[in-house]
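The first chain written gets the first letter, and so on, giving A, B, C and D; residue counts start at 1 in each chain.
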Amino acid sequence: MTTFAPQIEIAIEKSRQDVAALHSELTRYGLVVWTGGNVSQRVPGAELFVIKPSGVSYDDLAPGNMILCDLDGAVIPGTPGSDRSPSSDTAAHAYVYRNMPEVGGVVHTHSTYATAWAARHEAIPCVITAMADEFGGEIPVGPFAIIGDDSIGRGIVETLAGHRSRAVLMRNHGPFTIGKDARDAVKAAVMVEDVARTVHIARQLGEPKPIAPEAVDALFDRYQNVYGQAPQGELTQED
Amino acid sequence: MTTFAPQIEIAIEKSRQDVAALHSELTRYGLVVWTGGNVSQRVPGAELFVIKPSGVSYDDLAPGNMILCDLDGAVIPGTPGSDRSPSSDTAAHAYVYRNMPEVGGVVHTHSTYATAWAARHEAIPCVITAMADEFGGEIPVGPFAIIGDDSIGRGIVETLAGHRSRAVLMRNHGPFTIGKDARDAVKAAVMVEDVARTVHIARQLGEPKPIAPEAVDALFDRYQNVYGQAPQGELTQED
Amino acid sequence: MTTFAPQIEIAIEKSRQDVAALHSELTRYGLVVWTGGNVSQRVPGAELFVIKPSGVSYDDLAPGNMILCDLDGAVIPGTPGSDRSPSSDTAAHAYVYRNMPEVGGVVHTHSTYATAWAARHEAIPCVITAMADEFGGEIPVGPFAIIGDDSIGRGIVETLAGHRSRAVLMRNHGPFTIGKDARDAVKAAVMVEDVARTVHIARQLGEPKPIAPEAVDALFDRYQNVYGQAPQGELTQED
Amino acid sequence: MTTFAPQIEIAIEKSRQDVAALHSELTRYGLVVWTGGNVSQRVPGAELFVIKPSGVSYDDLAPGNMILCDLDGAVIPGTPGSDRSPSSDTAAHAYVYRNMPEVGGVVHTHSTYATAWAARHEAIPCVITAMADEFGGEIPVGPFAIIGDDSIGRGIVETLAGHRSRAVLMRNHGPFTIGKDARDAVKAAVMVEDVARTVHIARQLGEPKPIAPEAVDALFDRYQNVYGQAPQGELTQED
């Protein structure tokens, strides 16, 4: 059995609990069906992350069957859950953690409206204030990439590096979101579907009116600043 | 610790219970995601109102973490919940209470269909009887306003003062609703999304037929009169 | 306190239980919001029916607060629930029971898709087999009628008398359904929204293909016959 | 009372449990209303299958009221549940089991979006990677067939024999899905509605971009191979 220094073991255990629990937000908001979708979180202070196993029902997810991986996506043998395969998107998550050190959580879903924009290769325009607050502008489209090597991970990093948005719509595939931790990335996954749906529905009956770019900047800057003043709480500008 | 006269303390406690419980109607009807959306209620007999804290999960809302504010939106120190920040929309709620003395409750959401109309700057036309009953005509659009000063509150008051509708669609933002108390404003928030969705769907396959203005008046007047005869119960004309 | 012969009291009590319980099907399938919508049932062997009270939350409906009325829609004094007002649609239900002796249950909702067709004054065309089975053809539109006198009831009866459909879309208002008892009418309310939604969505991307009239007849006749052979069970042709 | 060899009795009992429990996935994902929809499973090692009874509420389904049939669709007398009628689609299920020996489970629903494509007689094009993974290309349309003889079963077999897709959209009717067992067929029923909805919504605002045929093949082949390496777990390529 593989063990780590006590403080790392504590951080691993907390990440297992966080990642297992946060999957219930994906089902609560209808972002996933069957066993699709996945959440991961970097273990603070270690070159490790925790991710969902493959093919386990959402009803059966628990801290003990989350899977511990190194930043190359290899399962750490002799740890709880290591007898199962990790999510088939593990390589993409690992690539993001290796290349974006500021990222502490990654989420992937095939949520309906975000995937619909992705199927048309269309970015979501920023026409509602909640989207300006949360994403600071449009939600961009990433490249088409085949599963199984680094190409999805590369597409996420190339699209989001230096971008305000924490969400990318991978072509013909679906959204990936990043955050400072898993909870923040899950929030982005919930919000990207919410704005994808609202802007879709707005456009069904005519073209939504744009928000002036300086108003988008003001809304996003305010969010960043308020957020900076409240490091403990999870503050959104609209609650 | 700040205290008030006993009858005011009782009214505050009741408002805390009402406001905490009524948020569950927002999640029941799918009007909010994550920690978005907020309900407030004026404390009868006092220059005070109770509002949701910022950034607390809907699962964790309770009477004891609702926040007591004066009509300038300042948190009353030394009262339960006063260690947290109130909703980021507190200034807008306070402005409404200061300027519309008949209003006892205010609700804000980003519910999908109402926000879609708001993104196109389009009022919802009155083409179903439930809408004539509840809102007495079209649901109007309010101005674009940046969060953080009085401009949202001013936009709500300017649009709704003297209007039959208890709901306004703030441009590119979402609906705000008012009522005689928080429950009445929550009902308006539920109904505005319901009619926004139904009229949207009706229009997807052709133009809905209008209701004659005199029929709209008759439906609304009947509601007002029936309502007036049943001050205790919460009577809708269609249940 | 008003009492009836023992066998009528038993039938009243069973109707109270049926009507109270069946409202939960309206919320289960999302056909109603707030306190909207209503179910009633004729008391077998008596000139009476049981209906929902006005303005009571769906969470609080119980056999003891259902309201007993005569076939003119007058509340029977001195019976459980008679201190409250019955549904504001009571006159329409009563008119149907007076004029359609074969009807044992009536339901009204403002369910989204059915109401959208009603707002355009459009009958739902019969393009799916489930609709042929259940309704035997198109679902017709009824007249525009103001609440408060017999005009809604007259519109229902004039449209459905001699028609295969157990559902009518009242113009700019919403669906009313009838059945041999309340459960049958609730089933029709569930099915009318289901087919209204499916046919709406089919038409969004092109015109659905018609079913040949003789196939519609064959499907409906089979349902009627199979149904006739199973008087105990509630048999649908597609389960 | 009819009995079988002990190992067959064990297999029958397991199938009863599987089939009863799997119906809850149909309600969880909103694929069915009222008593519509049905799941069946072949009993391994016997010329038998287990199917849902007709007209029983989803709340009341239990292993003991599932119905045991032979491969002609005849109820086995003297077994639990044999006093009721099996699903009215039993003949179609039986035809599939007789003619597709590799099939161990069959599911039928009238799920909204899949039925909408069926009403237009349109195959669902393969424009999202989840669909390439799961179905290997487009989801085909089957013939129009009247209930009550072998014509539905024949239509399913003629359309799906030799096809990658485990789902067929029967014209003006709805989807039927097949799988190696009931769970696999239920998964296909969940996924066909999910992709039917996503592709529908994508097309509402423009034409989705196609996936190159060789990429569709690569995604499907990978799924087949990964699947082959994990015979125990239920592995999807995207979880």
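Assume a contact is a pair of C-beta atoms (placed from the backbone, for glycine too) under 8 Å apart; a residue touches a chain by one contact, two chains touch by 3 or more.
Treat the numbers as computed from the prediction; the structure is a model and nothing was measured.
Peer 1: Figure out the least number of contact steps between chain B and chain D, where 1 means they touch directly.
Peer 2: 2
Peer 1: Any idea what the CA-fit rotation angle from chain A to chain B is, to the nearest 5 degrees?
Peer 2: Rotation angle, to the nearest 5: 90 degrees.
Peer 1: Can we say the copies chain C and chain D touch using the same residue numbers, with more than half in common, or are the two sides different?
Peer 2: different
Peer 1: Based on mean C-alpha positions, I'd like to know which chain lies farthest from chain B.
Peer 2: Max centre-to-centre separation from chain B belongs to D.
Peer 1: Determine the centre-to-centre distance between chain B and chain C, using the mean Cα coordinates as centres, and give it in whole Å.
Peer 2: 32
Peer 1: So the centre of each chain is just the mean of its C-alpha atoms; given that, what is the distance between chain A and chain C in Å?
Peer 2: Those two chain centres are 45 Å apart.
Peer 1: Scan chain A for residues touching two or more other chains and write them down.
Peer 2: Residues 204 of chain A each touch two or more of the other chains.
Peer 1: If I apply the definition of touch given earlier, which pairs of chains qualify?
Peer 2: The set of touching chain pairs is A-B, A-D, B-C, C-D.
Peer 1: Enumerate the contact residues on chain B facing chain A in the complex.
Peer 2: Where chain B meets chain A, its residues are 33-38, 52, 54-55, 84-85, 87-89, 110, 112-113, 115-122, 144, 146-148, 171-174, 200, 203-204.
Peer 1: Touching residues of chain A toward chain B in the complex: what are they?
Peer 2: Per the stated touch rule, the residues are 29, 127-130, 187, 190-191, 194, 197-199, 201-202, 204-209, 211, 215, 218-219, 222, 226, 230, 233-239.
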